[in-house]
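A, B, C and D are the chain letters, set down in written order, and residue numbers restart from 1 in every chain.
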Amino acid sequence: MTRVGIVGASGYTGGELTRILSLHPEVELTVATSRQHAGKKLSAVYPHLSMISDIVCEDVNISELVDRADLFFTAVPHQTAMEIVPRFLEAGKKVVDLSADFRIDDARVYEKWYQAHSAQEYLAEAVYGLPELNRQKISAARLVANPGCYPTSIILGLAPLLEKGVIDSSTLIADCKSGGSGAGRAANVGTLFCEVSDGFRAYKVGEHRHTPEIEQELAKLAGHDLTVSFTPHLLPVNRGILSTIYATLKQDLSSQQVSDMYSSFYKEERFVRLCEPGIIPATQYVRGSNYCDIGFKVDPRTGRIIIISVIDNLVKGAAGQAVQNMNLVCGFDEAMGLETVPLFP
Amino acid sequence: MTRVGIVGASGYTGGELTRILSLHPEVELTVATSRQHAGKKLSAVYPHLSMISDIVCEDVNISELVDRADLFFTAVPHQTAMEIVPRFLEAGKKVVDLSADFRIDDARVYEKWYQAHSAQEYLAEAVYGLPELNRQKISAARLVANPGCYPTSIILGLAPLLEKGVIDSSTLIADCKSGGSGAGRAANVGTLFCEVSDGFRAYKVGEHRHTPEIEQELAKLAGHDLTVSFTPHLLPVNRGILSTIYATLKQDLSSQQVSDMYSSFYKEERFVRLCEPGIIPATQYVRGSNYCDIGFKVDPRTGRIIIISVIDNLVKGAAGQAVQNMNLVCGFDEAMGLETVPLFP
Amino acid sequence: MTRVGIVGASGYTGGELTRILSLHPEVELTVATSRQHAGKKLSAVYPHLSMISDIVCEDVNISELVDRADLFFTAVPHQTAMEIVPRFLEAGKKVVDLSADFRIDDARVYEKWYQAHSAQEYLAEAVYGLPELNRQKISAARLVANPGCYPTSIILGLAPLLEKGVIDSSTLIADCKSGGSGAGRAANVGTLFCEVSDGFRAYKVGEHRHTPEIEQELAKLAGHDLTVSFTPHLLPVNRGILSTIYATLKQDLSSQQVSDMYSSFYKEERFVRLCEPGIIPATQYVRGSNYCDIGFKVDPRTGRIIIISVIDNLVKGAAGQAVQNMNLVCGFDEAMGLETVPLFP
Amino acid sequence: MTRVGIVGASGYTGGELTRILSLHPEVELTVATSRQHAGKKLSAVYPHLSMISDIVCEDVNISELVDRADLFFTAVPHQTAMEIVPRFLEAGKKVVDLSADFRIDDARVYEKWYQAHSAQEYLAEAVYGLPELNRQKISAARLVANPGCYPTSIILGLAPLLEKGVIDSSTLIADCKSGGSGAGRAANVGTLFCEVSDGFRAYKVGEHRHTPEIEQELAKLAGHDLTVSFTPHLLPVNRGILSTIYATLKQDLSSQQVSDMYSSFYKEERFVRLCEPGIIPATQYVRGSNYCDIGFKVDPRTGRIIIISVIDNLVKGAAGQAVQNMNLVCGFDEAMGLETVPLFP
C-alpha cells in the first residue's frame, strides 16, 4: 500500500480527496492536516465520512509528519502551498499540489495575477497535471501542479480544435458557470445559502486568476500567444462547472468533421465523454464523477462554433484529477479509485 | 376602472399578470380564460391568489367574452395568438399579446423560425412593446407585441452601445441563463424538479426562436443587419434571466465613458437600474420586480466589453412589461401597479 | 408622515423592514443603523433596494438619533435589545422590538432559556404583538414584543382549538421547518450554500429558545400550563416556515366542525387564510406576503388532528408582523403597506 | 457472473439500480425493460450512464426475456407488479420486487389501501426485505418485497425501542420529509421544478399508502397492533428522506441508556450509522449511499423521545436496499457493490 497524506483536509477538496481515496485499493490515507480542526476526527468535521474514515486531523507540522506518507496532496491556498511543497520535495516525497502556485510557467506572469513567488526554482520541473494532454510527463514527475477547475473544462473543450488550427484564436470567449463548492468552505456572507439560492450572478468579470492559466495552456496548443475572455458565474448548485465556449471557425466545417476531430483526439480517454448528437451536456450528468462531457454546435449563420464542456468541479476539477495524477505518478492504473458512476438525480 | 381580460390565465405568465393587476388601482380583471381549468376559481389553480382574486376561469369563447373587457392580454402559445388577436381588434379592443406572433416585422422571417402566419395583415401595425425604445408608438397602438424575455434583457443591455456605434456588430454574443418558469407550466419530464435542480444545462444552442427577434431589434439600433450568437441555458431558479453579452469595442473607451453612455441613454427610465461600480447585477436583486439591472466591464486585454443584464423573466420579461405597455396604451402612469420592491432573499 | 427608524438595518429582517416600509404611504424611514456598514448606503449592502431607498447606514448612537424618528423597530439580537429599548421609551418613543427580550412575561423563565435580564421593569407593559390575539392591547402599547417566527405559525395554528378546549393539551407536538433566512446574515459555515442546499436537517432538538414563548402563549389560550415538543428543521429555501402540529382530540369532531371553529375564530382576519378542502398549505404560496395559511386533517384512525400552518418567516414571522403592529400602534389601517400578493413561483 | 434484469429501467429507481449494479463485481445486467423507451439505449434516456452501460431498453415481453436472467428486479407500479412477478417465479427465477404488492401480509389490508390483489397466493412466501430485521429469511427467499422508502427510515428508527418495549406504542408520530425523486419521473405539474423549488408542502396527510406497511412492521416489533400518525412532506431536494419520530417514553431513560440500546441492536450492521452525541443526522450526509443515519434526543420536559432517521430514498429506500437483498438472496457479501461513500456537498 502506498501511504498518502492530505495537507488541508477540512476544505471541500480535502473532504472529496478523502472520499475518493477511501475507494482506492492501493493507497492508505495516513495523514490529514487541518489547523482549525486539529485533534478532531475528520468524520466529525464531515459526518458523511462516518464509518468511512477514522483519521484524526492534526496540525501542520511538516517535519513531524513528512515521513508518514510517500505522496502528499497539498490542498491549501496559493502562497501557503509554495511554502510547504518544497519541504516535501526536499524530503524525497512526491507532491500533487492543488493550489495555483506551480501552474504558471513564468514567475512574472504569476506575480502579476497573484503575489510574489518564493519557490520559483521549482516552476521548471512542475508538470501541469492534465493527463489528457501531459500523460507522459506526469508519469515521470515528482511535482504535479493540479489544474484549476475552470481551466480543466475550458482546455479540454478547446484542445482538439486549437491543435488542428481550425479556429481563430483571437476570438475565444469562455462563459463559465460554477457551483458553490468552488468557493470553498470558509464562512463568508457572499456564499451563504440565502445569497446564492434561487439566484445567479457573475463575479470577477475579466479579472479572475484562472485567466493566465487558461491562456498559457491554450497558447501551447495553438502554438502562439493568445488572450481569452473568461467570465465566471456562480450557480445555485453544489457541484459542477459548465463552460460555454465561443470561437470563430477559420473554415467551413460540418458537424461530422468536428465530431471526428474530437473522437480522434480523445479516442483513448476514459474520462472524456463526447455527447452523441442531440444530447447537450449538463452538470447533473457528471455529478460526483471524474468525467468531462463535451458537446458542440456548429453555427453556419454566425460562422462560430459553440462548445459546451462540463465537469464536476470537485472531482475532475480538483480531487478526482489529483487522484488521476497520483495514479500516473505511482504507476497505478489511471482510473483506479475513480470508476464511480455519476449520481443522478 | 378599465376592464381587462387575460386569455390564458393559468400559465405562469397568466398567474403573474393576475398578481400584478390586482395591485393596479385603475383596472379591474373581468375575464380569465383557461381551457384546462374552466369552471374553477383561479385561486384553486394558484393558491397564492386566495383572498386576492375571486375570478373564475372560463373557456375561450371569444364572442361571448369580448364585450366584457376593454383590453385583453393574450398569454397563449404562438400560432394560437394569431387566431385570437384579430378578433379582439375587430371588436375594437386593445390587445397586449405576449406570444411571438406579432413581434417579427417580416412574415418570411417569422415563417422560417416558426410556422405559417395567418394574420400577416396585422404585422405592420403591431408595435414592439419595449417602452424604453418605443414609448411613443406604444402609447398610440392598439396592438402591442410584448417582447420575449431573452430579447428584453439583451436589447436593453446593448441598446446604448449600438446606438452610439461604438461596438463591432459582427462580434455580438449573448450567453443567457433563465429560470425554470420560462418553460411554462406544462407537464414535461425535462422540467421536472429532479431534472433541473442542482444542475445546469444549455438548450437549443444556435436554434432558439428568440434569435430573429433579437437580431431584428438590434439591427434597428445598429442601422444595419447583423447576426448574434445566442445561447440559452436553464438555471435551477424559479425566476430570473441573466444575459452575459460580449462585443468587441471599435475604439478605446474608459469605464467612465461607457457609464456615461448608459446613464445618458436611460436617464429618465424608471425600470432600468445601472449598477454602481463594483456591483455586478444578480437575478435575485430583481426578483418579483419590473427592473432591468445592467452592469458592464471594459476589458482592455481583449478589447471587448462584457455587459451583464438582468431581469425577472416573468415581470420585465413578460407580465410586468405587458402591464407597463397597458399603462402606456391606456394613458396611465407608466409605473402604475409596478412599484413593488424586489424580494430578497 | 410618521418618521420611523430601524436599529439593525443590515440583517435580513432589517432589509425586509425597509422593503415593506418603502411601500407604506404614511411613514418615512429616517434612521437606519448598522455598526458594520456605517457610512454606506443601505442599497450598497442590499442592491435590491437600489432606486427604492437612499438611506445611509449609521452607527448606533442613540442620543444622537433618538429625536429623528417617532417609532423605532429594534431588529438586534436578544440582550442587545434590552439595553437599547429602554432608552427609546424613556425618550417618549414607541418601540416594536423584534428580539426575544420582551416576549417572556416571567423573567425567571427568560433567564433560564437566555441569560440575565437587565430591563425587567419593562416586561409588565410589553405587549405580545400577535394582532390576531392581542389587537386591542397592541393599539394602546408603547412597547410591542414582536413574536418569534416559529411561535407565530404555531400559535395561529392552534389558537382556535385550544380556546375551544377540544384538544388534549398534553399531546402537543410541533414539527417545524424553516427557510435559511431565519438564521440571519452572519457569516457562518453551517449556513453556507453548500451546507444547506439539496439537504435537510433538524437542529436544537428539544432545546430551541422559542419553546418558552410558544408554551407561554399556548398556556394563555388553554387556560393552564402546558409543554410542547418543538422540533425546528432547516429547509433549503430562502423564506418560509411550515409547522406540522399534532394534537389528540378530546372528542370526535368532523372536518366541518373543525372548519367552522377556524372560520369563526378568524372570520375578520385579513392575514389568515383558511385553506379550502383539498388544498394543503405550502410555503411557496405565502412567499413575500404577510399571510398565515392554515389547513388541517382530522384523522379518526389515530384520534389526532394534524394542523399545518404556513408563513413567510421574514414577513408574518418578522418584518411584516412588525409593520402590522406599527399600524395598530399608530392608528393606521392594520393592513397598510402589507397588501402585497405572494410571489409564486 | 449472475445475470440480472430490471423490469422498469427508465424510472429513477431503474436508473439507480443500473448505477449500483454497474459497480457490482458479481452480476451482469442483461435485461432492461422500458415500454416508453423500447429500442433506445438506456444511456440515451439517462446520459449520466454513458460509457457505464450499453444496455438497450426493450419492451416487456416476459416469455421472451425470462430466460436471459437469473434474478429480476421489478421496478414497476403496484398492480403491474402482481401481474408480472408470478410469471418470473413460475419460471424458477428469483425476484426482488420494489412495488408495494407483496409487502402487506394481509390481502384485506392491502385491498383497503390499494385495490384488489390478484396474486394473493404469493403473499405468504414473500419476505419483507429489511435485512437489518429479516436477514435470514431474505437469504432463503425467492420473492423479496423490497420495503417502501418512508417505512425503511421509520422502522429502522424505531426498532430498538419497540423491541425493548420502552416506548408507548399508542403515541407514535412520524413526520417525514422526502426529496422529489420519490415521486418518480412521470410528467406531472405538481412535481415541476417551479412547483417544488424554494418551497415546501405536506401531502396525503393521514392518507399515504405507506401507512399500513409501517404499522404492520412496527406491530411485529411491538408484539401487538398499533397505529401511527404518518405525515409525508415534499422537500426541494433531489434525494433524501428525513423522518422525525415522536414517542412517549414509558419510563425515565438517560441518553446513555438509549444510546446503548441502539448500539446493541445495530452492532453488526454495516449500513446503520448511529450519530455521535452532538451530531444530528442530515440527508446530505447519506446522499448516494446505502446508509441509514440515526440520532435521537431524550426530552425529560415532555417525557418524549425524538428520533431522527435519515436515508437516501433511492438507495437505502429503494435500489440500494434491493441490491442488498439480492446479495443475500444470491449468497454474496451483503455490502457488495454498495460500498460507496456519500457525496457531500
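As a convention for this text, a residue touches a chain if its C-beta (ideal position, glycine included) is under 8 Å from a C-beta of that chain, and two chains touch if they have at least 3 such contacts.
For clarity, every value in this text was computed on a predicted model and none was experimentally measured.
Engineer: Using the touch definition from the top, what's the fewest steps needed to get from chain A to chain C?
Structural biologist: So the least number of steps between the two chains is 1.
Engineer: Could you compare the number of C-beta pairs in contact for B-C with that for C-D and name the larger?
Structural biologist: By number of C-beta pairs in contact, C-D is the larger.
Engineer: Can you compute the centre-to-centre distance for chain B and chain D, using the mean CA position of each chain? Integer Å is fine.
Structural biologist: About 45 Å separates the centre of chain B from that of chain D.
Engineer: If you average the CA atoms of chain C and of chain D, how many Å lie between those two points?
Structural biologist: About 38 Å, centre to centre.
Engineer: Rounded to a whole Å, what is the gap between the Cα centroids of chain B and chain C?
Structural biologist: Roughly 36 Å separates the two chain centres.
Engineer: Where in chain D do residues touch two or more of the other chains?
Structural biologist: 12, 180-181, 194-195, 197-198, 236-239, 281-282, 284, 287, 345
Engineer: Once bound in the complex, which stretches of chain A touch chain B?
Structural biologist: Listed in rising order, the residues of chain A that touch chain B are 171, 173, 175, 177, 194-195, 197-203, 205-206, 227-229, 231, 233, 235-240, 242, 244, 246, 280-284, 287, 297, 299, 301-302, 304, 306, 308, 345.
Engineer: With touch defined as at the start, can you tell me which chain A residues reach chain D in the complex?
Structural biologist: 12, 15, 19, 22-23, 44, 46-52, 180-181, 197-198, 238-239, 270, 273, 275-276, 279, 281-282, 284-289, 291, 293, 339-345
Engineer: Would you mind writing out the residues of chain A in touch with chain C in their complex?
Structural biologist: By the definition above, chain A touches chain C via 12, 179-181, 185-189, 191-198, 236-238.
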